[in-house]
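Working notes, beginning with the structure itself.
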Amino acid sequence: MSSFEGTTASGFLLVLAIVAPFIGVLLSLALGGRASERIALLLMPMGLGIAVAIASGVWRAGAALLYVLGGWKPPLGVVLRADGLSAVMLVTTAIVICAAGLFARAEFQVPRGAPERRAPLMFWTLLLAVWGALNLVFLSSDLFNFYVALELLTFAAVPLVCLSGRAETLAAALRYMLFALLGSVFYLLGVALLYGAYGVLDVGLLSSRIRPDPVAWVALSLMTTGLLAKTALFPLHLWLPPAHAGAPPAASAVLSALVVKGAFFLIVRLWFDVMPGLLPQQAAQLLGALGAAAVLFGSVVALRQARLKLLIAYSTVAQIGYLFFVFPLVIGTDVAHAWNGAAWTGGWMQLVSHAFAKAAMFLAAGLIAEAAGHDRIAELGGIGRALPISVLAFALGGLSLMGVPPSGGFVAKWLLLTAAVEAGQWWWALVMLAGGLLAGAYVFRVLGQLWGDASGPLASLTKVSIRREAIALALALGAVSLGFVSLEPAKLLQIGRTHAAEIVLR
Amino acid sequence: MTLALDVLTVVAVSSGAFFFLAGTVGFLRFPDSLSRLHALTKADNLGLGLIMLGLLPRAGGVGSALKLIAVWLLAQVAGAAVTQLLARAARTAGPPA
Amino acid sequence: MNGAALFGVIAAALVGLGLYGLIVHPQPLRKILSFNVLGSGVFLIFGVVARRGAGAGMGGDPVPQALVITGIVVAFSATALAVALLLRLFEETGRASLRSDVSNANDEAGGNS
Amino acid sequence: MTDALALAFDFGLAALVLIVATWTLLTRETAAAAVGFVAYGLLLTLVWMRLAAPDVALTEAAIGSGVTGTLLLGAAARLRPTEAAAEAEQPGKAMRFVVALLCASVSAGIAGTILMLPDPAPTLAAEAAAALPETGLGNAVTAVLLSFRSIDTLLETVVLLLALLGVWSLAPDRVWGGRPGPRDGAYQSEVLTFLAQILAPFGIVVAMHFFWIGADAPGGKFQAAAILAAMWILVQRAGLVDSPPVSRRWLRLVVVAGPVVFLAIGFLGSATAGAFLAYPEGYAKPLIVAIEAALLPSLAAALALLVAGPPARTE
């Protein structure tokens, strides 16, 4: 057996982060019934603990954690690698999943002695599957293993969309499935070409061998196109709003806050890890332009939505757009400051704060819809008086999306704005300001209605538990409080990037 | 001896291929489902048998030869059964438009 | 031109054919079928890459060949899930179309679960 | 075969593949297209043989063409009433032309890229050959799947299970826990029964053969599982047995047993061989065979259940 010096101390945590949720999936399927909820609730604190342990391991080591699977090093084998980005994503994911899980208990509880029901079994099992798949995306460093992770994510996410079985959610799920499949097959096509040209699949090995030749360009363009479809960047966003709006609230929160970011994370891996510094400015500008179009288009369409959940879903389309400003701005900055610059930190701050804010908003919207029996904005007048906590959670999440201080969204957008001005790419700054105004418009349009006068009798509202409202509020407060923390922990984002930075400098 | 076996292979495989060709032509040219099935099954069974026969001397061992014979038998059984089913379906559905 | 290069060109053509079917066919089942053709084209590219890497007494590089086996199983799983979704959609609505559901989602009583 | 003859054969095969693929995509009726797809899959099997990949050829024939074909044919039959309505949605000629142009340029770009790949090609064949003795296996593809990159295979079995969960999740609530597929004997006919009775035992023997030789020769659990699944589908369609209700505990255990054993042996590796999914020295082959043996029934059941579809009737 080959030597193991590649594996770092506490590297086994990486294996656990991936395998634990899938063990949960297997047990949940085997035992069924009440067990599925218990297994999920048991794994939630464990998974959170593992994520935090990995993050603190990365922080203390100041370097990436590695685990060589099966003792076979690349190129033949596969390694798991946790750098600062992985750590941030793991913790964010764990928090959102735990919140969504606790929130969903009311909807997917199985009473003692009752026969197994379909929806709870599926929800708990698939929630764990989404978690495992996301952790694999964040921890793998092998191009084909990424493909398997993407497929796991698709197969776990699609059934969540149509858990209710209503016809329109089935159509949405099918369309999501087709987009996702097309996306992964394009990604796989790129993998085939890269392997054909360089004979390795490991990200680290590939980055040391890859050259800016036509094969690499074609492969990376194909892979990026596929991943853009999965992350729903304009104009490949068509599948997202009906899919995210039709799922149960807890599932919508996970899909919108986390799942679409899995594909974005891989695009970052491709352009900043596999081929660091070689993204041409024109291509980066194109990605940024698509992001800008997404910001404007998503916000305008969100403004016109009649239903609350669709509005939130379109806002996801817009907020994903901001993430793509990272490409032109990081490429545009002075290479020595690529990883500690405002653009890099701002981009990840946007991702994390949007995850919390969007999850909070979907959960709050779920409670509002549950109480009112529908989510037609025009008929929700005055519901703010019946559900003050939920509406507050929605409002705080909305403030973060708008980028109003103090909030994580504000810090994120401020950093991106600064980076745009510094880089002399003022046009992104204009788009961001416009996007902020539009977000303000759609958030206040809803809030004006919810806090306004009652359009109908409020007595007919179904009661919702304060505990669930508190979960939504806690997530929203999380998004806001990101605006108060110092940027010191943001140094985590630089860990494990030295290798990449050297190549940028070359 | 080898020459004789080579000749057997060439002759048997060629005539097997010819029957396949004939069956396919029949399939394409005959007017309705039942006669098309008739053309296919007869010619293909014979064609496959002949090809199997031609390949037997080249099997290079009893095991491989048995496998060849098994392939032929399986194709016979499956072909016959599927043709039955198809014919029945064609008769209930009536002639195609 | 050798065999591997020839099948490489064929694989590229299959990718284009599958993509065309996926975009043009309105029936979801035809889209699923086209996706399978597209996928098989991608797998063939792996096969060509493997064949080009023949050596060390092997007819092809075993790594991409193994990846294809994984890929075929995944593609089958995807087909099964997509077909099941489609059949359920058909049972619910009597239609098998992706069109006009956007307006549906907007118009239908905005009920939540 | 001489080189020229081989190339001529390849050209013929390639042309046939393209013709059948085009026909499959363009033909009017979906059922006909599904039949075309099966034929296309069989031709691909030959291509895989020509690319010296017999393991893939077997997988393609069994799963890519066979089981997928069954699925598509069944769906096409069910969806026949929707054909006419769907055809009206076909985009116009100009649009199709634009799309065709786009796809042709994608193809041309990819083909050009493939022809530009470096010569001599980079390969891991030498590394795999050097590491092969450590696994005790004779088939390098099996070594990649179950030793070098076993994480992919482990997770792929989870993919299959998730697909199954996804399919089951589509059951209407009132029949949850029930049996998949149409009622007993919906397809019954004495011919089919006869075929099932003859073919099933034979198929099981063939599957076991493929499974057993997989460690050293082309074959393995996926191919064997697909044949077993096919036999199960045949026997069930013939009405000889009914598909089991999905709430049955034994069924759930059969489905998860394979991945569970795989994981357990993986953790055994981290305890005894220094890494998750590593095998203790000298025990690689028996452990790999154990994993494959555990996976075989799980995979076969998952494949058959995926074809059977979501629960459709109560017990």
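Order as written gives the chain letters A, B, C and D; numbering starts at 1 within each chain.
The working rule: a residue touches a chain if its C-beta (ideal position, glycine included) is under 8 Å from a C-beta of that chain, and two chains touch if they have at least 3 such contacts.
Everything numeric here is computed off the predicted structure, so don't read it as measured data.
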item	value
Pair joined by the larger number of C-beta contacts - A-D, A-C	A-D
Subunit A and subunit D, separation of their C-alpha mean positions in angstrom	31
Rounded Å distance, subunit A centre to subunit B centre (Cα mean)	57
Whole-Å separation of chain centres (CA-atom averages), subunit A against subunit C	25
Distance from subunit D to subunit C - Cα centre to Cα centre, in angstrom	13
Shared-contact residues (touching 2 or more other chains) in subunit A	76, 144, 148, 151, 155, 158-159, 162, 165, 170, 189, 193, 196, 199
Shared interface positions of subunit D, touching two or more other chains	110, 114, 117, 121-124, 128, 144, 148-149, 152, 156, 159, 162-163, 166, 170
For subunit C, residues that touch 2 or more chains besides their own	15, 32, 45, 48-49, 52-53, 61, 63, 67, 70, 74, 77-78, 81, 85-86, 88
Inter-chain touch pairs (all)	A-C, A-D, B-D, C-D
Residue ranges of subunit C touching subunit A (in the complex, touch as defined)	15, 22, 28, 31-32, 35, 38-39, 42, 45-46, 48-49, 52-53, 61, 63-64, 67, 70-71, 74, 77-78, 81-82, 85-86, 88-89, 92-93, 98, 101-102, 104-106, 108-113
Residue ranges of subunit B in contact with subunit D within the complex	70, 74, 77-78, 81-82, 84-85, 88
Subunit D to subunit B touching residues, read off their complex	189, 191-192, 194-195, 198-199, 202
Footprint of subunit D on subunit C - complex, ascending	1-21, 23-27, 29-30, 32-34, 36-37, 40, 43-45, 47-63, 65-70, 72-81, 83-88, 90, 95-97, 99
Complex contacts: residues of subunit D adjacent to subunit A	109-110, 113-114, 116-118, 121-124, 127-128, 131, 134, 144, 147-152, 155-156, 158-159, 161-163, 165-166, 168-173, 176-177, 247, 249, 252-253, 255-256, 259-260, 263, 266, 269-270, 273-279, 281
